[in-house]
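In what follows, a single structure is set out as structure tokens and then discussed.
Chains: A, B and C, in written order; residue numbering restarts at 1 for each.
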């Protein structure tokens, strides 16, 4: 590379010009000619403005990239392309041991800081953290692309609703039942797909996800079909958090003789959910270091090598599927109880895609990454509400940009370091 | 069983299948070359439906009324513009991700699909839109009461899908461009070393795939007469299913998968239950993939050590 | 363990959160009414109708002096017809926007979970468009509706099909959604009471366009009438494909096809010729409605579908606020139960469940010009 490259204004101008023309072709008809019946209405100013801004933007990038400073800043924006594995350093930083207690305390104090609305948003975000953690086991660790993860979520949610409707069982009984039920379901779905690889696996799981949703929708007599079913709220030793008791207990505020606030229910759900999420993070982190977790990662890297070394790929894959499904089921229970009402329209393919986006954006396999990505992807659409109908557009653009900015996810996964001779943690 | 009803249901399945196949070809081409599921493909199809209506109204306002001319002009411009869309999307959302994980472009594609949908909703409104009836006429076999029928536009769809598949298969197998495509598909690095501009080849494939979506978009819009910004989603998933059913990456496979899927849906909803037709279609897909893990016509994956 | 990049991302999350919270200020001397409906996703067209109607009502009421001198303000809320977003947006309306009443939710599956939140916050909600009986069947004091119920509408349709059309072989198709299937089931119940059983009962998938197999099936059962429970987006292609396959059976559907878009969705007025539908009393025939409709038309907007329902909902809510001089749920609900409101859709009053006392569903027929008229 020559040290001193002459900056060419001409090239930048040409780049800008052609980008503008292309933008005009792309945006011209759709945003410039608005259909009114069988006629079109002329709104050509809009695409002209868009094309102009595209042209100017392209010109600036094209010009800046020729200067050293510009290259430096643009390079920062686009993100690095380094591949391969990084290993965590053995020496822990000074504040490492303080970090986790501080985070847990911060998490527990969230209900004190936030109003009801933002609390519900955070609850939803935590539900997605759970979903992300669960799908991360299947996709991130075991390397099986699952596009129908929403099926297990639905199974969990409907287990709670159906259990309450037909057997009058509450949240606490159904939580373990739903976890086991979803895991069983995972095994059932996992079995036929073990032979498949990559995208064939993806489409079959997508198919399963759709089948579950359609069946829930069609079985009107049992599930309520599109009319949905109601789900009970969690109770604290029989105390309920509703204004008037619904499950035959005593309302919480009457028992303690305090004024009623609709926030109590959400604070309670948040606290349980927070504890469950913490336990799940612990569980997943430990799992990764156990033989089972290592077998998952090994199988992801090279299936043939694994099988030749005597790892039973059937049990390994099935266990990943079941663990993932179990976490999804638990998330489903929380979703149903948080919402109080479920119907099949909450369990569409788009939901699966969103959870997958969390896992991929989080950095495939990284627990911290999944948490960050889940928070970003659930809080972002709510934060964008002020933009009204531009919300989805901005959300989509953000998704593309984040992928371009960090193609390997927000947090790069690091292998744990071990020292020879010393007992490892 | 009534032979006419059976015949009509088979025909319904064939037409629906051809539509699936036509869109599935675009999926399969893109998948074939970079191994990526292009979720925005369904929305390209949706864009082309809007283009159809816009172009038709422009062409009519120019005073051109000769049917073949109108049809060809619409097809040409719709394909050219969606081709540009395909190129731009690849350039903006997928190319920067090349060389990272295989799932990164998938997420980018989902984001792109949201962008396209809401872009169209914002610019064109959420309402249903329609196109006037361009091609009239119907072919009926049988008597006054009992008959099997197919409209001319439906005939056109079936023919176009087979011609499209044959033409693309010819390009891939016989031309220099096709050879470069296959080389890029097998080993991108090696192909680049041998002097193939792989970036350009990939872009070309996106352009071709997107214009196939436009071909489908124009004809299908003329057939159903109405569309909205949301149509890409359902049909996109179905076409993708068809592509996988036939063996993703294989052009005749996409066509076959489309027709099998269309027939399965049509016959099941016609003779059993329309409620469960999608359950049956996906169930069939699972069954096929359990016994043929690479689809009907797909080449089995070679497991390398 | 956390590198700088992870801190950055955490920071990003926090910044987004803070920004979003900062963006919510509160105006004091206005009465806020939340208008919730789908503004994104596949049902966005109906959200727009809601918003247009509510916005116009707000303008007109303020021009007439507001409520006791207080101006009203409408707050747009998008639920995308997803229960998940409906709950979020309901909490937001309560907690961030601090609205005093809600006109809203289009999909019944959004209205039901959201109304629980409103009830918890002691806020009255009136839906302009959720026709599912379950919405008001849950013994909630603060839930009202401005529209009829599916069972009332279904009964009108069934009466018409059996008694007027004298149909013997009736096929029923629905869209597997709470509105469509609820309407179809209600129609069948009434029809069975009149002694006719359906010859075909099938669901189609929303978002699809190809119903040819279903249409051929209708042909094979030799139906002389087809009732469709669903929206115009599916009704259009369905009726077109029906006619294209040469089936002349009468096509009857509900209020959701009442939109000029039905003609567009069918691909031309010639296909909707002769289609019957049930709908409330035509507001154009009412004196109260005509001025409002003219106002909409002056803005270049045809007030179709639920536009006027949303308008009437805002009218009813403000009337209750005005009369009780409060925004208290109990007071407003008691007043609405006991009094009637003169709205753009005529005189409306509510029973103890919150349903309209008089449901005035009547039959309409479309003609070959793509217009409809009352029978």
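Methods note: a contact is a pair of C-beta atoms (placed from the backbone, for glycine too) under 8 Å apart; a residue touches a chain by one contact, two chains touch by 3 or more.
Nothing here was measured: the structure is a model prediction, and the numbers come from that model.
S.K.: Determine, using the mean of C-alpha atoms as each chain's centre, which chain is farthest from subunit B.
M.R.: Greatest centre separation from subunit B goes to chain C.
S.K.: Can you tell me which chain is nearest the middle of the complex, judged by mean CA position?
M.R.: Located nearest the centre of all protein C-alpha atoms is chain A.
S.K.: Taking each chain's centre as the mean position of its Cα atoms, how many Å separate subunit A from subunit B?
M.R.: The mean C-alpha positions of subunit A and subunit B differ by 29 Å.
S.K.: Averaging only over C-alpha atoms, locate the centres of subunit A and subunit C and give their separation in whole Å.
M.R.: From the centre of subunit A to the centre of subunit C is 32 Å.
S.K.: Would you kindly tell me how far, in whole Å, the mean C-alpha position of subunit C lies from that of subunit B?
M.R.: Averaging C-alpha atoms per chain gives centres 34 Å apart.
S.K.: Which subunit C residues sit where two or more other chains touch them?
M.R.: 40-41, 44, 176, 203, 264
S.K.: Send over the residues of subunit B in touch with two or more other chains.
M.R.: Residues 118, 121, 125, 129-132, 275, 278.
S.K.: Identify all positions of subunit A at which a residue touches two or more other chains, and write them in rising order.
M.R.: Residues 37, 218, 389, 391-392.
S.K.: Within the complex, which stretch of subunit B touches subunit A?
M.R.: 31, 35, 37, 39, 47, 50-51, 53-58, 81, 84-85, 87-88, 92-93, 96-97, 99-101, 103-108, 110-125, 129-132, 237, 240-241, 244, 248, 275-276, 278-279, 282-283, 285-286, 289-290, 293-295, 301, 303-305
S.K.: Contact residues on subunit C for subunit A in the complex?
M.R.: 1-3, 5-6, 9-10, 12-13, 16-17, 19-21, 23, 39-41, 44, 76, 78, 81-84, 87-89, 91-92, 94-96, 107-109, 112-113, 116-117, 119-121, 132, 134, 176-178, 181-182, 203, 264
S.K.: Across the complex, what residues on subunit A touch subunit C?
M.R.: 37, 88, 92-93, 96, 99, 115-118, 120-121, 124, 217-218, 220, 225-228, 242-243, 262, 265, 335, 338-343, 345-346, 368-369, 372, 375-376, 379-380, 382-386, 388-389, 391-392, 406, 410-412, 414
S.K.: Provide the residue numbers of subunit C that touch subunit B in the complex, in ascending order.
M.R.: 40-42, 44-45, 47-48, 176, 202-205, 207-210, 212-214, 216-217, 219-220, 232-233, 236-237, 240, 244-246, 261, 263-268
S.K.: Name, in rising order, each residue of subunit A that touches subunit B in their complex.
M.R.: 22, 25-26, 29-31, 33-35, 37-40, 43, 46, 78, 81, 83, 139, 145, 192-193, 195-200, 202-204, 206-208, 210-211, 214-215, 218, 303-305, 349, 353, 356-357, 360-361, 364, 389-393, 395-400, 403-404, 407-408
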